[in-house]
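Alright, structures below, take your time with them.
In the two complexes that follow, subunit A is the common piece, with subunit B as its partner first and subunit C second.
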Partner chain A sequence: MKRFWGFVRKEFIHIFRDKRTLLILFGMPVAQVLIFGYVVTNEIKEARVAVYDKSKDAITRELTDKIVSSGYFKLAKRIENDRQIEQTFREGEIKEILVFEPRFAEKLQNERPAKVQILLDATDANMANLLQSYTSGIISDYSGNIRVEQEKLPGPVIRIHSRMLFNNELKGVYMFVPGTMALILMLVTAMMTSISITREKETGTMEVLLVSPLKSMQIIAGKVMPYVSLAFLNGVVILALGYLVFDMPVHGNILLLLGETLLYIVMALSLGIFISTVSPNQQVAMFVSMFALLLPTMLLSGFIFPVENMPWPLQWLSTIIPAKYFIILIKNIMIKGTGFLFIWKETLVLLLMTLVFLGLSIKNFKVRLE
Partner chain B sequence: MHSWMKSQYTIEAKDMVKKFGRFTANDHLTFQVKKGEIFGFLGANGAGKTTAIRILCGLSSPTSGEITVAGYNVYRQTEKIKRNIGYMSQKFSLYDDLTVKENFRFYGGIYGLSRKRIRERTSWLLDRLNFMHAMNHKISDIPLGWKQKLAFSIAIMHEPEIVFLDEPTSGVDPITRRQFWEMIYETAAREITVFVTTHYMDEAEYCNRVSIMDRGRIEALDTPDNLKKRYQVANMNDVFVQIAR
Partner chain C sequence: MKTIFFILQKEFIQILRNRTMLPMIIILPLAQLLILVNAATFDMKNIDLYVADKDLSATSRQLVTKFEASPFYNLEKRSFNLEEGHDLLLRDEADLILTIPQGFEHELRTEHQASVQLLINAINGNAAGLIQAYSSRIISEYNQHILVEWAPGQSQNASRPVEVVYSYWYNPEMNYKIYMVPGILVILATIISLFLTAMNIVREKEMGTIEQINVTPIRKHQFIIGKLLPFLIIALFELAFGLLLGRLIFDVPIVGSLALLFGFTVVYLLVILGFGLFLSVISESQQQVMFVTFFFMLVFILMSGIFTPTESMPEWANRVNVINPIAYLMKVIRMILLKGSGFLDIWKEFYSLCIYALLSLSLAVWRYRKTA
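Let's look at the complex of A and B:
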């Protein structure tokens, strides 16, 4: 056991003497969380909107106020004729124009549908989609209220009422905190361990370690131990940043959350060990980690693009991306507050992946020794 | 093996065979190495030297043959073998980002030496090298020749019965090589067996006995003088060329 701790100590010295490693370990997680949090956000805040009010009555004024006061929109311009519409979009500042038809209030009173048109600048399709759904949300909410007030009127009352459950403000943090965590932990553990193990192969120190009385399990455990603890620390930092800076909630059991985080770290580690057994040198280990881990983790895990919208080969591919399960897990725990009973399947998948990679590594290791 | 039967040999191999599929890397090697002997293990690249060393170090198990190292069986007692041997590769295998002292401490630690023992051995070995002043220098700041001597000192730090040196002098200048061989002699004088591979034929002359391997077999095994006589040549280089031709 004493030999083992001596080994861990040496590994920590490697980490703390290498500025690049330190930067990747501690600088990157914080930077990424902040960048994703502040820059890569698909929330709407004060989108510039113009109003073309052909009616100018109490209802249209009220509705306009409601939209503007929601916080998502900012009234930037009033338009007075049709020709101005195209011109306004061409100027590029304004993303949405609301057009109220003439005699809007009157039509509404007489229970004929009163029409409001939402024109959007769809050069940025995602943005246009979001703006459209926000606006219709506000309008249908308003018209719903009117109907309730006018109960005396006959006719079926049809209301579209969609609510975004668990994240009714469609907050981006709910997605990027789990996603960044999945990404960073994967990077720190799998990439750093595979590089540090292949470095020993390259410098020839691995040979000396293998000739020593240390068992190969002790060597591997000693190598990965520091990365487990540092990655775990990283996970806690990301969670804390999400909670303190971006108001990410933690509804579920915190111990369960930390336990699943640890499981994911161990999974990434076994993947890192596996990569090191198939890579002859540090460059290959780095390359494999980058292309086989980082890109799929970012693109196929559901972090940035929803898995449901992918063509089936990619959906199929996403089932072998560990980060996908981790993201599902921690979103469930943090946002919905679900207990272990509802996430045991994902936990099991991560556990199996860990065992598979460890098994493969041991097999490769033995083959190499023969 | 019972202790009273322990022979004068530290390495005994009888009909050692190692096959990889249909390829035979070691073809019935039979040799003994005496305690305190400097045993040269020569052969062209691919002759099977590395395979043999890996077996003797307990890294790989032979296909067949009776082999004991430091009195322990290579099939069943690899752990005990590992405790009783030292190993130095041509890459010198020190950690660049650790200081001299930290390298000693680390390697001493994995052989289970106590802290006190590590301190004693470190200062004794560094003192012998006149290198005490550089105790806290990082390995990356130290010239190659010194790294090589340090790597050797670390390989014998836990006072093994045998030390395996795999091309320990490759890439080192002649003066340092000479100093290195002085270290080898001192070590052998303290009853530590030195098992060394080399590409330099002048170094083969320094060995007590040499074996020359070719295509998986030991083609010759004797003292350098006897070998030169047998092949009627002036130096080991010519012996080697005759055999490997």
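Let's look at the complex of A and C:
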């Protein structure tokens, strides 16, 4: 046992003497949480619109003011002829152009309906969709007010009361704190372990370790021990940031939360060990961790894009992405405050994955011993 | 010239003979492109709807039918029991509960107004916003419908003072994939070129082979050109092949000039390669260079506007993006491919990147010493 602790100490020294890596290790989660909190957002705020007003009367001015004063839009340009439309879109800064037809006010009084056209740069379909629904919302409101206030027309009106459960203000933090945790813990642990083990192989020091009286299990356990503690600290930092800076609630049991985090880390570690047993050198280990983990964890876990909207083969594929289960767990515990009864299935899946990766690694590792 | 050619030859042999690296550089990224583009969608489909209809009148049933008819909704269950709905919401088996109160039709007829309630699982704020917008649209349309039906005297037009028509330019089918393919391509080309360069010289350092090169009469610039050119070629090849796949499989339009796109990409890659080389020169181990590179890359990718438009980012983020090379290409590749923007529309980005490339390459050359 004493030998084992000596070995663990060696590993810690290895990590701590590389100050730059250490800095990155703790800088990364902080930077990522801050970026997701403040930068990556789909919210529409002061989106730049152009107005092509062929009528230029009191009503079109009023409607334009109403749209601009909503806070969602900012009037960036006035267009005077048809040719400018295409040019405006091609320059790329403006994503929406409002076109009022000639004699707008007159038509509103007499013929009806008066038409307003919304032209959208739909290269980003999602953004175009949002802009369109915000703008038509404002215009329909205006249109409805004319009916009710000016003309006093009765008619059946269905009022809609919406309640946003669990997240009243539609904050993004509920998505990105669990997502960031899943991503960072996975990458840091899996990448660090796989690389540090392959490094020993590549530089030939692995053989030295193997002939030492330490058992192979002890070698692996000793190698991953520092990473477990570092990753766990990382997880706590992310949770604290989410809680203190972004008001992420913790409705459930915090011990359960930390326990599940630890389980996820151990799972990522065993994945890292597995990667190291199949990679001949650090470069390969890195590319495998990078490609097999970075984009799939980001895209298939439900972190950014909801899994339910994906085509079924991808939904099926997402079942082997560990991050997916971890994100479900975290959301359940933190936001909904549900207990273990609601999440035992996900816990079991993570546990099974850990065992599978460990089993495979032990099998591969023994082969190398001969 | 001849010396550079020999270094190039050496590098290519080293890359091509590595049977594990080769598929990782070529096949893995492209397979990812094919698979992951399908995952990247904000389209709401299969919204699981739970209806608590306490009115059970002709009107309330008609309203529910409208939801059923919409391709976005999936009617999970219909009952009077709100508790059960809450439970389903808690288990993520329902996204939305529509509650129609008792006396809905009666109030609508006599008092001309009645309410319905939407309870939305809003943990994903984005999706919740969309669910609300879709649902409101369906209810408003139904409202419009009964407005005309119940008041036969009025013409349809009189009830609509202003009509909104909209058209989606460049992408009338609202296909999100053609937006994501160029984005993911940029990421993949960047990962490949940045990591390969960043690890290259550190690797030679770690293995000790750098000293052998240092004692040869190879000049500094020859060495650096020889080191960078292979990765430039690989990344361009990757981009070309990825574009071809995108064109054939995802119908990504190529409206603008490909020559312009590739010209711009070469300048972009010079920035990235210079950056990678710089990191490689100042790092001591592969593990270290990898983590440093990884950090910058993740920050740059997230801020580049791949998932969310840079326009909705705060002012300071846009200022930070001035030094984010990925943001330039992310914007320009989509402009050229999807909208056919020409050089006049992108000259600002082009010249900024040119200056950037110059800076990053000189930084790398300046820091590189032929002494170990």
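Here is the rule we go by: the second predicted complex is superposed on the first by the 245 of 370 C-alpha atoms of A that agree within 3 Å, B and C clash if a C-alpha of one lies under 4 Å from a C-alpha of the other, contacts with A are read in each partner's own complex, and residues count from 1 in each chain.
Basically, a contact is a pair of C-beta atoms (placed from the backbone, for glycine too) under 8 Å apart; a residue touches a chain by one contact, two chains touch by 3 or more.
As the structure is a prediction and not an experimental result, all values here were calculated from the model.
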Touched partner set for A:Arg83, first subunit B, second subunit C, both or neither: neither
Which of subunit B and subunit C A:Gly92 touches, first, second, both or neither: second
First (subunit B), second (subunit C), both or neither touched by A:Thr203: both
Subunit B versus subunit C as contact partner of A:Asp18, first or second or both or neither: both
Touched partner set for A:Gly6, first subunit B, second subunit C, both or neither: first
In the superposition, subunit B vs subunit C on subunit A residues touched: C
Touched partner set for A:Phe287, first subunit B, second subunit C, both or neither: second
Subunit B versus subunit C as contact partner of A:Thr123, first or second or both or neither: second
Subunit B and subunit C contact sites that coincide on subunit A, given as residue numbers: 18, 203
Of all residues in subunit A, those that touch subunit C in their complex: 18, 20-21, 24-25, 27-28, 31-32, 35-36, 38-45, 47-48, 63, 89-93, 95, 108, 111-130, 132-133, 135-137, 139-140, 142-143, 146-147, 153-172, 174-175, 187, 191-192, 195-196, 199, 202-203, 279-280, 282-284, 286-288, 290-291, 294-296, 299-300, 304-306, 308-311, 314, 317-318, 328, 331, 335-336, 338, 342
Interfacial residue positions of subunit C with respect to subunit A in the complex: 20-21, 24-25, 28-29, 32, 35-36, 38-46, 48, 63, 89-92, 108-109, 112-130, 132-133, 135-137, 139-140, 142-143, 146-147, 150-151, 154, 157-172, 174-176, 178-179, 184, 187, 191, 195, 199, 203, 206, 283-288, 290-292, 294-295, 298-299, 302-303, 307-309, 311-314, 317, 331, 334-335, 338-342, 345
Subunit B partner contacts - residues on subunit A that touch it in the complex: 2-3, 6-7, 9-10, 13-14, 17-18, 203-205, 207-214, 369-370
Contacting residues of subunit B [partner subunit A, same complex]: 57-60, 79, 82-83, 85, 87-98, 102, 105-107, 109-112, 164
